[in-house]
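Step one of this worksheet: look at the structure below.
Note that the chains are named A, B, C and D in the order they appear, and that numbering of residues resets to 1 at the start of each chain.
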Amino acid sequence: MSAVPLPAYLMLALILFCIGLFGALTKRNAVIVLISIELMLNAVNINLVAFAKYSLNPGLTGQIFSLFTITVAAAEAAVGLAILIALYRNRKTVNVDEMDTMKR
Amino acid sequence: MLQMSWLIPLFPLLSFILLLLFRKSKSESTAWIGVLLTGISLVMSIGVFLAVWQGEGIKTEGTWFQMGERAITMGFEVNPLNALMLVIVSLVSFLVHLYSKGYMHGDDRFPVFFAYLGLFSFAMLGLVLSPNLLQLYMFWELVGLGSFLLIGFYYFKPEAKAAAKKAFVMTRIGDVGLFIGMVLLFWQVGSFEYDEIFASVKNGDLSSGMLTLTALCIFVGAVGKSGQLPLHTWLPDAMEGPTPVSALIHAATMVAAGVYLVAAMYPLFQASEAALTVVAVVGGLTAIFAASIGLMQKDIKRVLAYSTVSQLGYMMLALGASGYVAGIFHLTTHAFFKALLFLAAGSVIHAVHTQNIEEMGGLWKKLRITGPLFLIGALAISGVPLLSGFFSKDEILASTYADGKYGLFWLAVIAAFMTAFYMFRLFFIVFTGEARGETEKGVHESPGVMTFPMIVLGVLAVVAGYLNTTWFGTFLSDYLAQGAVELPHGDHHGPAWIPLVATLAAALGIALAYLIYQRGTLSRDWITRSLPSLSDVIYNKWYIDEGYDQTVVKGTRGLSKLGVLFDRYIVDGLVTAVTTGVQRLGRVGSRVQNGQVQSYGTAAIFGIVILLLIVALTGGYFS
Amino acid sequence: MNAWLLSILIFSPLLGVLVLMFVPSSDEKSIKWLGVLGTLFPLGIALVVLSAFKMGGDELQLTEKFSWISYEVFQSKGQVSYPIFYEIGVNGLSMVLILLTAVVSVLAAIASFSIKQNWKSYFILFFLLEMGMLGVFAAQNLFLFFIFFEITLIPMFFLIGRWGYLEREKAAYSFLIYNGVGSAILLIVFVALFMKTGTMNFQELAYTFSLPQAELNQLFITKGFKMGMLIALLVAFAVKLPVFPLHSWMVRVHVQAPPAIVMIHSGILLKIGAYGVIVFGAGMFPDQFKSLAFVIGLFGVINLLYGAFLALTQTDVKRVLAYSSVSHMGIVLIGLAAGNTSGMTGAVFQVVSHGLISALLFFLIGALYERSGSSELSAFGGVAKRMPILAGVFLAGGLASLGLPGMSGFISEFMAFLGLFEKMPVLAAVGTLGLILTAVYVLRAVLSITFGAEKEMPESRDLSSSERVPAFVLLAAILFIGIYPAWLNDMLRPTLDAILLGLGG
Amino acid sequence: MTGEMIAFFLLALTAITGGVLLINLTNVVHMVVALIFTFIAIAGIYITLSAEFVAVVQVLIYSGAITIIMLFGIMLTRHQEKEKKAPRLKIILTGLTIGLFFLIMYGKIKDLNFGQQNVELHVENTKKIGVELYSHYVIPFELTSVLLLVALIGSIILAKRDDDEKEAKK
């Protein structure tokens, strides 16, 4: 029954991860940066689930782990947005370039 | 008696310590501490000498400290040579102590002066008693310290300060030579002991090049201490010290230590013909060179100082020309008559309070004791027959001639002529003629404590010559022949005309001085006018001091200045360059820190990628 | 009692800190006296330790060893445990240096009477510094050594920076930076050694490195590694010693720090560098050390001559002495480079002797500064007239410094050069030039202060009785070592023999 | 070419297209919408990997909740619709770094094969996950709930605090 080999899934995850990384590092809108991070997390989840099926000792662990990841990602998205909104209220911008208080 | 001889140096040391404790005492009776303790040393030295005369000798050593398997030893040794030195040193020291009681009267730091004298005597006696080179070197330096302290006794005078420093540094240059020679010998022989060194020299354990090298290094030490040619300039300057010091240190004892050193290491020198030749040539050149300077000096003590340098050159010449006995003999007689001359000069200075001979004159009538004693000294040093200097100088000339060094022989004869001339120039100017300057008033003879030592030395200056004469017996050479040193080929009494030549030279010198300075037959500035440039050069001591100033001193100082600049701009500059570099880097780095999270993220990712790349390339297993 | 003796000694200065805590910081007099008492206490214990120390006994005595930190690491060859012990002990060399530390600390505490402000924090730092120094010499493993080594740096930084002269901050910073770089190198070396061998104990390390190369290969220790470690160690300690061209911080510190601190610094802290080179360099990597001997000797001679040349024309007496320290540390290197009995003995003697001499000289400079408010040579003249004792002791110290026989400086110079002449006669002959130059600059400095026409000074009293104690004690020690070196020599022999055995000379 | 293969390729294509659109579109809202495709495609991928429960959760959380939150975020903060491009240099540098990263990882994973697969995984998948979660992973599970609670309260406070402060100032 085998068809799709493990490297194919890993490759897909890698491509998505790279896209997400690129977005997180170059996009200027903070919301998009957050979404890109979600995309990266998704890529990781694909890996987890793929390894749950193809690996030295396969099992459910990978899937359960991806569930936890999804949960944490949801929490992260919520907190991230809350921070974003708080920041927007203060500074009237969601532009990442303009968030350079670390420098000052 | 001999077992106790190690106590001899300790009495002056005790005197040094006691007098330092009584430093603040105003009473001048503190001098008696020094006189008494050196007196004890003198008595013991004579006892030792008599014992050695009968053929005894002793050497005792103990471990000073252990260096690996080798023990460095300390101890004392009495042999004919150093027993003689003991007597000379303690005698002159005792007399000078006594003399100083009068001479230093009224000085603020009266006890300190005697303390220093004690320190010096301790060091000098210790030097003489040393059984090995290391111990000799240690006392050698201490002697230098004593000399330094005493030259700088009038510490508030800038000249004294400069002279003390110069004396220390110049002799130190020589000492370093001695140091190198000593250390080289140690690694060749494995010991500092004279005996072992001589034994391995005899066995031919050392290559001839090494023999010459070590001998010359040791000779450099002697050159420094004895004021021989390239390193003589400190000795005349050392006359800034009180006159008794000049008599003790810079005439009779310390400066003779160089000669003593060469004599003590004589087997080493004998083994190297080249070294002996160097010794002889340096000695001969020094003799005539210093004598030539002595012709024109105006300071009574400087004339005597150059005379000392010249006479030390004689001794070196004798040793270099295989005249071991002659050298020691001259050392002995010179110690007496030169000390006498210095003390007499001190007495004159004490009376007239100046050292410039042109401000003196006609003192013969005023100084009824000093005058005749000075005359005795002058006659002795000039080599007038029947006085001590005649015999010893004659022997030196004879041995030089016998050794085949004819050029040096004639140099020595000319030097003898010059010696006679400048001594009598001094005598005639100071003691005869009209009183000059304002010093004539209140001139009085020195007190008894000062004249007594001079009288003793005067007697010795006359009779010391009979220690070793062809007429009455060669006591001294028989005595020295007992020593460890194997004397070179017998006695070399050259042709009979040598004493005649020597006497003639002395007589000519005296006569010329008489004609110029007493009778006025020849004008005083006769030479000056006829040979202006030469006399100028001589008067300025051949410009040696200036030459050293221009080359060595300036060079060293320049090098030092250069070093300071190097330190400031290169060494510190490098440091500054590094710090500014780091600062610049920091500024660049801070520009990278633009506060933008994404840039930081990019940098972090970049770092991770690099690490991953390394892992991927190295195979991923960190071995 | 003996089991804990050494620890008690090391931490005894802390008692002083504890007592000082309860003294109001305005009470100048009692703080100063407590300062002296607080250093006397370690001195007393040091003397007890000395009496417990058996001369010619085992090489290492009064050892203490407790497990301290231990962690385990998985490596390709399996699980390896890395234990770190608290282990201390004394051998002849460290006993001598501990004694020197205790003595100089007391005298420096007395010299600290001239400190004008913040006495309380001054003495607290002072005690910490003493603890660090005692610990450095007693430590028997790299970890402890490093910790104590660092403990000396911090109090020193503040002592220079707060109580020094005009440019004190700059001096303190350059002190910290140079020594910080030195310790960084040291740390890397120590960690590397620990990683490779799994032990930090000096003796075990020395034993490990003395194994045949075939066995060392199993531990991945190559000859190149050893050489690299040695060079790094030498560089690290060269900063401390200091060796040309890393000396400029030391000159600055000598000029700017308060005299009492310079006594400690020049008397003891510089010696840590020499101690390190002896224990780590010659003790652990003898073969490599021997192959570097010429370079070390060359640096020794350069140091000797460079320091001497620069001291010649300095106008500030403190600078003269600072460069003279550079010069004298050259002699230590010369002795080490010789690598034979006399050279090693000479180097260690120089360490002790220079400690005493420079402490004495800086003490006197401090006294002079207090009276005249200057340390320029031109400000002085004819001091011998009003202050004969000060001038006399100063002259004696100067003479000791230029190596006059009968004083400690001579023995060390003589032994060091004796050693070098066996191995590298030409280099040694060049080095002897330094002996002449030393005489010139020492006399120039000493004479222009004590001799000559008298110059006006704000105050011209001779040494007071509290000042005489340090001066005379130091002078007596210098003379004692100079006249009877066998005492010190017997103490050092077992240690030096062990090192020399490794060096094979 | 099995059906699974075709399904995988289609899903993968959709996911990557969504990702590329996310990068290239300029309107922020469009970007989020493009991403919804990706999320759904990933859910499909999960199904091919016999993870039905995870797939369902993926649809619920990502395609549903998170996307909606993001849209709310955009609407609450919007002040410019169009996304401005970052500086070219930055894009190139980041792109190069990520490209390098891609190449390294690609080299490492392209031949990865453990040679076996779990064929039982799709049998009673949801039930087995439930059993595992409430037995073996119960503590992490409870901790996750705590985390969610903290996130909930935290976001409310973060989003609200400013108003309180402003009121307090008034």
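Quick notes on this one:
Note that a contact is a pair of C-beta atoms (placed from the backbone, for glycine too) under 8 Å apart; a residue touches a chain by one contact, two chains touch by 3 or more.
Computed from a predicted model, the values in this text were never measured in an experiment.
Think of each touching pair as a link: the shortest run of links from subunit B to subunit C has 1 of them.
Spacing of subunit A relative to subunit B, judged by their CA centroids, is 94 angstrom. Chain geometry summary: the mean Cα position of subunit A and that of subunit D are 5 Å apart.
For this pair, subunit C with subunit D, the centres built from the Cα atoms lie 65 Å apart.
The centroid of the Cα atoms in subunit B and the matching centroid in subunit D are 99 Å apart. Residue numbers of subunit B whose C-beta contacts span two or more other chains: 598, 602, 605.
Residue numbers of subunit A whose C-beta contacts span two or more other chains: 21, 25-26.
Shared interface positions of subunit D, i.e. residues touching 2 or more other chains, are given as 90, 94, 98, 101, 105. Taken as a graph of touching chains, this assembly fits none of the simple shapes: it is neither a line, a ring, a star nor a complete graph. Those residues of subunit D lying in contact with subunit B across their complex are 90, 93-94, 97-98, 100-101, 104-105, 107-108. Residue ranges on subunit B touching subunit C, taken from their complex, read 23, 63-68, 70, 134, 137-139, 141-142, 145, 152, 155-156, 158, 160-161, 164-165, 168-169, 172-173, 175-176, 179-180, 183-184, 186-187, 556-557, 559-561, 563-564, 567, 570-572, 574-575, 623.
Taken together, the subunit A residues at the contact with subunit D in this complex read 1-12, 14-16, 18-23, 25-32, 34-36, 38-39, 42, 45-46, 49-50, 52-56, 58-60, 63-64, 66-68, 70-79, 81-86, 88-90, 92-95.
Those residues of subunit B that touch subunit A in the shared complex are 593-598, 601-602, 605.
Listing the residues of subunit A that touch subunit B in their complex gives 21, 24-26, 33, 96-97, 99-104.
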